[in-house]
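Below you'll find the structures, each written out as structure tokens.
Paired with subunit B in one complex and with subunit C in the other, subunit A is shared by the two complexes that follow.
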Partner chain A sequence: MKFKLNIVVAVVILAVVGIFWVIPLYALLVGSIKSLADTMSSPLLDLPRELDLGTIARAFNLLAGTMVNTAIITIPAAFIAVTVGSIAAFGIYLKGGKVADYLPPLIAITTYIPYQALIVPLITLIRWIEEATGRLIVLYDTNYGLFLVFLLYYTPMATLLMFIFTNNLPREVIEAALVDGLKPMTAYRRIALPLLSPGYVAALIFILINMWNNFFIPLSMTRGYEKHVTLKIFSYVGQAGTIYNEMFAAALIGSLPPLIIFILMGRYFVRGLLAFTGGGR
Partner chain B sequence: MPLKNVYFIPMIIVPLVFVTILWYGIAWNLYLSVTSYSVYNPRFEFVGFKTYEDLFKFRGGEFVIAIVNTIIWAALLVLLGNLVGLLIATAIFQFESSKIRSGLISFFIYPLAISLVASGVIWRWLFDSIKGFNVYLTKLGLSEIQWLSGYNALWSLIGVSVWIYGGFIALLYLAAFYNIPRDVIDSALVDGADALTLMVKIVIPHSKLGLLLGTIFSLLFALQMFDLPYSVLFTNPFTMTIVIYMYNMFAYMIVNISAAACIFLIAMSAVIVIPYATYGIRKWILKVI
Partner chain C sequence: MVDVIVKGIKKSYRRREVLRGVSFEALDGKITVIYGPVGAGKTTILRIIAGLEKPDEGRVYFGDRDVTDIPPQDRNVGLVFQTFALYPHLSVFENIAMPLKAAGLPIEEIKRRVSWVAELLRISDILEKGPAEISGGQRQRVAIARALVKDAAVYLFDEPLTNLDYKIREAMRGELKKILRERGGTFIWATGDPQEALALGDYVVVIHNGVVLDAGQIHEVYNRPKNTLIAKYFSYPSMNFIEGIVVSKDQKRVVESEIVVVELPDALKSLPVGSEVILGIRPTHIKISTSPIPGGLESTVLLTEVLGSETLIHVEVKNKRLVVHVPEIVRLIPGSKLFLKLDYSRIYYFDKSTGNLLHAPG
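So, the complex of A and B:
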């Protein structure tokens, strides 16, 4: 076999650069299983002298409620955003013409403009809705409010992602079915959705992970640190001192759901990521 | 046969309403930014550009610091992100097995799968002067670095942002590499090009789309930078970005100043976003114009 110099160089480059990708993950895992005594005395990257799973167990107990709450908000929100988005993308695809020329760029602009810039009007709108309904509808600091705001921000993004995938549907097949009298929504369910399913999963995973990891929306929309997992992790940062094991265990536990999804379904996340740039079909 | 509106409108109505609300939000920001509405003066009096004058003077010109920091952040993230991304992509591209390639790129993308707050927690401790990197620098006989003091904090956190987005940019380059027609590469190989020549003369020059997208998204991520600096150093002036400033003003209920900062941010983003969304995607990616 020929000696492949380029592979050797590639391995060296990846090892040198990759060490910066290994260290944080390693620090997170090692830091989470250190005992209090170890944490007080040993630096971050030293191996623990004894295995202490108590920190992780405590972090799990402290985070479990918030994580369930985050899941209750983000899982339905991600499903609805992607379903609504895929129907809309399919509609735009079928409509074609000027609509398909102008609507996707408008949706793309909405997706790419920094969403944080809309927080003032959004909170103002929410206050107005609360007052107009005599506080019958309360959106600030509630799960419903978080859910709605996630939907508001992520549905346009989901539409954009799904538009990338609907663009590849076989037009002749679908149009023939419509000519035969199939309703568009039936065509969506019977023909488009099965063909779109890899794209649907990619968009779903991408948006779910983004919602789970979102910090700005829960920070602006709620009081305290209990309603969303990123707030809970953030609440540890404020604690002074040198006890990093508790923080690391919280960061680890809070990051496990997206990490596990990423490890199991990474290629869908990558497809979603590429679709987010407008490409990657 | 175009779809009839009676079917079309119900299919797109929800995203359309949401997009309209978000656009209305931009207009509302614009309106707030020319009023005097804030906790000090809770009335919608029209004051025109005075808010923008105040924005630059308020709290000793903190907004100017935020703009400068954000611009530095954007410039360095574009530069370093593209360098690191290109390096990683080039190295990964040397492997022929698609399993190895996708495994490696996933590994470099994992920072995007965890929240920026969690990354902030980890890196805050790695930068800790007593327990972090410094311990090991001292052991190696190197001098300690105060990672998070003064402007060092900005450089350190820019480094972390390269770590967060480097894998993503590598992915963009890798996608561009894969799109190079196979015969272009094959004919270079037939001509006896070695791996380095192939990369420098053929593959990288054919990957302008990677550079373009890497630059556009680095700029956008830098303009949106909030979670990372806020979770590591809160409102530290050395790592204050436009979004942190804007959030801070919002939290203090100085609404008009916050809205004016928003308009600034939107205008800066629009310079990149509007050409990309209206022209770039269709031209370079969907290839329909």
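So, the complex of A and C:
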């Protein structure tokens, strides 16, 4: 009987949490298919009086360019961050001893530092680099500047995530690779990486979604609203008023790619998390 | 294919001393067994020779080359782990080929060598399978094949038979000795099983608590254990010890103990009266009878332990426990009477205060 009660409690909790998540999503969905007059006059959660797909189409046309640009920046940045992170984590794992005891906590501390605290020194540094190279390298308000800052900011987090997975590598298998004569980088590529793949994919999804949804870094690194999807959505909040239905539509479209990635790759994500708790494979 | 020389190795893990000055040599073309109980430091020695651990003190030489500071991937050793440690995502062929690929051999040479070693270990039919699809005994063979496939300076085996069941273990012993002979090279084999050590080894290094108790030709060390510690640990089944004192009786020097009186052998005739000695007798050198025999010791059966095709009988003689080995299956009821006849000519004599061997039977 007690077992059943547990299930009931779990279902109730999940349902409440689910409602909290579903309501805004629902508002977003219905809001984006209403006409502007409809959005302004009817309550937020009411169904539209007439279906207006024009808003979505308009928002998509406006957003498409920015979304492609965001993808061009974040996908390579996420790949490189997780690759560098997994190599770094494997290096720490191989080194072992004091390095493995003290370096990961130090990396963890860097991930706790909020964006706000970093942004002034970061912009100062970027301006200094631009001046020092005679504006040969321009990082502010450029795609590769944004890419670089994403990469710098998320690599420690990727390292930390991957360290969880490298820590669970079967030690003797990796040692066998070294004894067999594989250099550390070859051992990483041929032996460690295939074993780490669920963790690698999980970390990649996590970092990619974080980069996609990040608002503060593009806000401080660029002018205008065109380079990153979160800025573009924000641009609908105008001084003269907000075009709610278009903003809803833009927010809906802007949040679809992470959702699609998660739905497609969710299996790997969960497998990665299971691998780290020992229940995987 | 060089002599491996280990000199004064010390190693501690978080203040626990695992090796306390270990030195020995393993000769080219020979199988050197590192024998010791669990926790003696056998695995640590092999890991230091492979380069997976750094010693706190001491050096490791391959021939006259000091390899102590060389990382494992540049040492050219073959190592068989106790857990086999196969690459789970690669086929048996790719597992065995890995050391050759790492060495950059051409693909034709790799194929030739893998099929040679696969034939040697009789695993040619499973080369395309994955490690998860084969049996424990086969995984063992693959791990050994992966170590033997390259021309290593030394081949190291960390108790590779321990994780196998009894039947496969017995069959593997005999076969492996032949395989290693055919392979040729320097072999260091760690084990805690005296039967395995005797079946495989040419030389033995007996270690206990991180120190070498004795080293030398295996039958020499086995037949002439330097002291009671070696006699106790490197013996199958474990030797029986009986404490006694030298007395003079009817113009003869004898050792008198609670349960037996033994005349001293000629070599020990000069032992002064009053010397305390320990008599050692192997369980195999005690004969049994269920009916009284002249000069037999009456004992009470405590329990019988059947191991495969042999039996160990634990008995008690005047509060002194002895173990008797019988090369067949025998079942005796605990509490029943058993008459023992000790083969006095096979008794070992140790000094009680030092534990050192005084005399071994010829």
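Quick notes
Just so we're on the same page, the second predicted complex is superposed on the first by the 238 of 281 C-alpha atoms of A that agree within 3 Å, B and C clash if a C-alpha of one lies under 4 Å from a C-alpha of the other, contacts with A are read in each partner's own complex, and residues count from 1 in each chain.
Rule of thumb we're sticking to: a contact is a pair of C-beta atoms (placed from the backbone, for glycine too) under 8 Å apart; a residue touches a chain by one contact, two chains touch by 3 or more.
Just so it is clear, the model here is predicted, and its values are computed rather than measured.
Of the two partner chains, subunit C is the only one that A:191 touches; subunit B does not reach it. Of the two partner chains, subunit B is the only one touched by A:17; subunit C is not.
Of the two partner chains, neither subunit B nor subunit C is touched by A:35. In the superposed model, A:173 lies in contact with subunit C only, and not with subunit B.
Between subunit B and subunit C, B contacts the larger number of subunit A residues.
In the superposition on chain A, A:182 contacts subunit C only, with no contact to subunit B. After overlaying the two complexes on the shared chain, residue contacts for A:66 are found with neither subunit B nor subunit C.
Residue overlap on subunit A between the subunit B contacts of one complex and the subunit C contacts of the other covers 175, 178-179, 183-184.
Against subunit C, the residues of subunit A that register as touching in their complex are 170, 172-173, 175-184, 186-187, 190-191, 194-195. Contact residues of subunit C toward subunit A in the complex are 50-52, 71-79, 81, 83, 85-89, 98-99, 102-103, 146, 150.
Subunit B makes touch with subunit A in their complex at residues 1-3, 7-8, 11-12, 14-16, 18-19, 21-26, 28-29, 32, 84, 87-88, 90-92, 94-95, 102, 104-126, 128, 130-132, 135-136, 163, 167-168, 171-172, 175, 194-196, 213, 217, 220, 223-224, 226-227, 230-232, 243, 246-247, 250, 255, 258-259, 262-263, 265-266, 269-270, 272-274, 276-278, 280-282, 285-286. Those residues of subunit A whose C-beta lies close enough to touch subunit B in the complex are 5-7, 9-11, 13-14, 17-18, 20-21, 23-25, 27-28, 31, 43-45, 84-85, 87-88, 90-92, 94-97, 99, 103-110, 112-125, 151-153, 155-156, 158-159, 167, 175, 178-179, 183-185, 209, 212-216, 219-220, 229-230, 233-234, 236-237, 242, 244, 247-248, 250-252, 254-255, 258-259, 261-262, 266-267, 269-270, 273-274, 277-280.
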